[in-house]
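Supplied in structure tokens, the structure appears directly below.
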Amino acid sequence: MLELELEEKGYDQRLLGNLNLQISAGDRLALVGPSGCGKTTLLNIIGGLDRAFKGQRRLADPEPKIAYMFQEPRLLPWRTVEQNLRMVCSCRNQALDLLDEVELLDAACRYPRELSLGMARRVALARALALEPDLLLLDEPLVSLDPSTALRMLRLVEKLLRKRPKMALVLVSHNPDDADRIGAQLLQFDTVTGEVLLPNNEKTASAGQLLV
Amino acid sequence: MLELELEEKGYDQRLLGNLNLQISAGDRLALVGPSGCGKTTLLNIIGGLDRAFKGQRRLADPEPKIAYMFQEPRLLPWRTVEQNLRMVCSCRNQALDLLDEVELLDAACRYPRELSLGMARRVALARALALEPDLLLLDEPLVSLDPSTALRMLRLVEKLLRKRPKMALVLVSHNPDDADRIGAQLLQFDTVTGEVLLPNNEKTASAGQLLV
Amino acid sequence: MSSRLRDYLAVTAGLVCIWQLAATLIADPMLPGPVAVFQSIVTEWRSGALLHHLGVTLRRVTIAFVCAMILGTLLGWVMGRSLRANRLLDPLLLLFLNLPALVVIILLYVWMGLVEAAAVLAVIVNKVPNVAATIREGARSLDPQLEEMAEAYRFTRWQRIRDLWLPQLFPYLMASMRTGLALIWKIVLVVELLGRSDGVGFQLHLAFQLFDVTSILAYSFSFIAIVQLIEWGVLQPLEKRARRWQGEMQHA
Amino acid sequence: MSSRLRDYLAVTAGLVCIWQLAATLIADPMLPGPVAVFQSIVTEWRSGALLHHLGVTLRRVTIAFVCAMILGTLLGWVMGRSLRANRLLDPLLLLFLNLPALVVIILLYVWMGLVEAAAVLAVIVNKVPNVAATIREGARSLDPQLEEMAEAYRFTRWQRIRDLWLPQLFPYLMASMRTGLALIWKIVLVVELLGRSDGVGFQLHLAFQLFDVTSILAYSFSFIAIVQLIEWGVLQPLEKRARRWQGEMQHA
Amino acid sequence: AKDAAANELPKVRVGMLQFGTAHWELAHIQQAGLDRKHGYKLELLPLANSSAGRLALTAGNVDWIVGDWVWAAERTLQGAPLRFIPFSTRIGEIMVPTDSGIASVADLRRKRIGVAGGPQGKSWQLLNAAAAKQGIDLAQAAEVSFGAPPLLSRELEAGRLDALLTFWHFAARLEASGQFKPAISAVSISESLGLDSRLPLLGYLANQQWVVENQTLASNFASSIYASKSDLREDRPWETLRPLMRVNDDASFQALRQGYRSGEPEALLSAAMLESANRAWPYLRHEKHPLPLAIFQGVSQGQGLTLYQSKAQQ
């Protein structure tokens, strides 16, 4: 549903390059790499937010619906939690159901300022899930959560994946267990050259086609 | 160096209560608890930023110098990384040394906008360490970092603790290993009542005195 | 609210007392006391003149205010968001910002005649650049992270306006509404002075020629009272609502 | 920079052409063409009158601008930060914001005589509330997280001003500087008209009495040219520097 | 039926200052029905100051305003020909405190003089010219401040001025207060310049085109003006005009009434008067262009300058 030919992307220096990435329905991908290696940058490119790169990004027809959970919560501070979800949800019930699932039904009427960071991130997760996308981009979705909450949130994502098996997922995570659980193919950033993206094909070769 | 008698703290509902906390030189404390249980709130109270609670907070004389690494980076967006550190550092060399230690010397002249989240958090860590405090408050300092960088950052904190053994440390972390490594006493938030703070005395009873 | 009202009354009463004291001490017809001014207001009110002129001026102020805010916000928005538009329009903005009110008024009156439309248009032309210059700064200071978020979630145009842009522009809008109302009313005074036969500006100038400071103050304070009512009835509730998310301390 | 200059020249040239065309078509002494205005500028320049009056007005504008910006920023800051101060000062702010320039000018002239100090003071009194109303909105919109950070790291007063508050107030300061310069110069015109014997306002009024639109435009454009120079020499470099952290797109 | 008839009458729109002197005679026209008697309906547009009047005439919103012929001449030279019919000979007065020693132009040296109407004011220009004849450059020799007339009256009262050249109705009020007196008569200034002191400076101004296109209407208007003037030589009509004068005491009332009457222009703009205007022109405007005498044709289409006959002349 999405094809990316990334020749080069960089700011002052070259950051990413020589990457051919094809994401098809049902693919699961996990981006792994050291801090500052360009994971978020790649996600931005995939998500279509960053167009300042050398290369091409092609979308299937009909265009896939993309949901992106950012690394920061990025909630609208002047809207309550519920209103923030309603920006994306089709109806009120869906918003409340999702809030229930991320265990924040009590906080529906609060403003983001009144949430802890972990709570705000869960709202952001709920918002990404609310869109019922064809391609889900999650940038470190489980960070800032205690292990048991993190597990429950992961299960929530799994549940959605089971419910919509055709949904593709790109996950950034520093926790290899998360990727394992979802059965995602690891996409390891080369830490030595700092620029080339290498597929870690040992795990699962079935999902996704990566051409370097 | 700090004594906290917290009778009650809450927003709409009671959040924390019945907590007597004494932090002396050299104490190491790790706050653990589910998302939204009040860890950051407690840190704010200890740090003296939140005075809207029932109870008392007493500081030793001379007042201990407190450094607080927030859960978000909270860098000044209009100042470069180096300038952000220089707000706290006494001299340029110290700032550059610290930047080197958090592996961000290259980014000294960048604005926070141009950093990845993990990098920004490392700058925030460097800023907290730069103060050379008597009491160091770290709110999830290793989050958003890949495991190996996280380890190196933890070592950095350890190094400082070794260098200044009289420094007290309060750490919020969801990773029990981190607390272990630093040899901190776990302070577990009760997840059932959601309000009382229980000391987990099995680990180390020597450091800190907790009276519930 | 009741404590606010009390505060307000206390401050106002204090001011009036100081004024009365000063007026009594100086005892100069150039500094009439509050009593004299109040009497003048009552007289003008009874004669119907106050209401008439105030009404006429208010109508002009309202039309000009609404038009200038809308046009100025749009213009400032475009200039703040598009580098290209800013480059093209910046010389024009600066020109109109600093063109003396007098020039615009004269030219419009001469071209269009001393008609109501010319008067209101002159005010709008004077005010639009001010609003635009303020809103432009706001449009340049938007949060790019939220912008990206809205992009990613494909917010509709309307959602962007209502939920993303307006809240961020809000302080700039408030600033330009508050200073704008004041500026517009000041320009309306000049406009009325130069080419209208009614309105507060006309009356103020007549009073000025007779050096009747009492009437001048009577008309001025009547208008200020109306602005105070707008402030209480519209602007402050609006501000309170719009700043609710910031918590208690912020909305004053 | 060079492409900016090119753009600017292109736009200006375009405007001048349109103006010349309109002037030629309408052929009315009320709409002199750019050539006539330019000739008038040259004549006035040669005679020394332009420089003299412009200088006098600029001095008044500068003094009033600096004083009003400083006082207004302080006042707006205090009102934006302290609920109590805002309650006490809000009625006063509203009063002075909406007191017609004429009233202030007359009263000050009457009390202090037709002296320079009265003229400048009148402008300051007119402008301070405008700055305050704008800055107050800025002071209410500060980031509480950064505030906490500064508190935790015990920033000195000076660090807070320079590194925390000024950058956040910057867009509000720019807005009030740009609209402020325009407003001050407009009020200076009225002040000069009513009680000074020199300055651009005085000259404008003379020209107005003769319906000499050419001179009016000549003086107006001379002043606008100076503002344009200030814009290029001071405000835009300042803005460019202060907005550098936002990246390329933002500083226009 | 009478109203209906009045509605059908052609309208003449006149812009005047709300509390200006012209308002008195115009109001009398309306009150005494002189307009209907002369076959037109007078419509008054109150304006806040003289600039507004000039704008109104230029913009075509009124047919007549009160102004001076110097401005009319200038507009005519700029290509917008105007016509002038005399309204008043009064110009400014120099007022000084009653105990002041200022009695002549020469005495003004090194004094603080306030000047209403700006440096282009007619009286100031004439005063300057008179001083120049005596070898005095007043602008240099005295400390001159220009300003708005009410503010200048205040300055004089506050003792911050030694002498004030101001419009006659402001002067009349000052004089009525008993603390000030006229120092140098306008007549003596005019005469020292060789000008006829009866030269009317102020008049009703209309666009020439309007006068030409509304010939009868224009002359009817002019006739009614002078009918009004002659009525106002009586005291009786003044009682109804008093509210328009905004006076608090009888002294001011009488001073204003007297001032108005003494300013009534000569009925006939004689050739000698035109010659006087011609001589005054260089003092009032230092321009190369000769005075366009056509403005003095008043409401007539032809060359004749005999426009009306006042009762005094009959």
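In order of appearance the chains are A, B, C, D and E, and numbering begins at 1 in each one.
The rule is simple: contacts are C-beta pairs under 8 Å (C-beta built on N, C-alpha and C of every residue); 3 or more make two chains touch, one makes a residue touch a chain.
Quick caveat: nothing in here was measured; it's all calculated off a predicted structure.
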Number of steps on the shortest touching-chain route linking chain B and chain C: 2
Both-way neighbours, i.e. chains that touch chain D and touch chain C: E
Chain pair showing more contacts of the two, D-E and A-C: D-E
Where chain B and chain D are represented by their mean Cα positions, the distance between them in whole Å: 48
Euclidean distance of C-alpha centroids - chain A vs chain E, Å: 84
Whole-Å separation of chain centres (CA-atom averages), chain C against chain E: 39
For chain A, residues contacting two or more additional chains: 72, 113
Set of chain E residues in contact with two or more other chains: 51, 58, 148, 154
Contacts with 2+ other chains: residues of chain D: 30, 106, 110, 144, 208, 246-247
Touch relationships between chains, expressed as pairs: A-B, A-C, B-D, C-D, C-E, D-E
Residues on chain B engaged by chain A in the complex (per definition of touch): 11, 32-36, 39-40, 71-72, 114-119, 122, 140, 143-150, 174
Complex contacts: residues of chain C adjacent to chain D: 4, 7-8, 11-12, 15, 30-31, 79-80, 83, 86-88, 90-92, 94-95, 97-103, 106-107, 110-111, 129-130, 133-134, 136-138, 140-141, 144, 171-172, 174-175, 178-179, 181-183, 185-186, 189, 204-205, 208, 213, 216-217, 220, 223-224, 227-228, 231, 243, 246-247, 249-252
Complex interface listing, chain C residues touching chain E: 30, 106, 109-115, 192-195, 197, 201-202, 205-206, 208-211
Touch list for chain E against partner chain C, complex: 17-19, 45-49, 51-52, 55-56, 58-61, 148-150, 153-154, 246
Chain D - residues contacting chain B, complex: 145-146, 148-149, 151-153, 155, 159, 163-164, 167, 242, 244-247
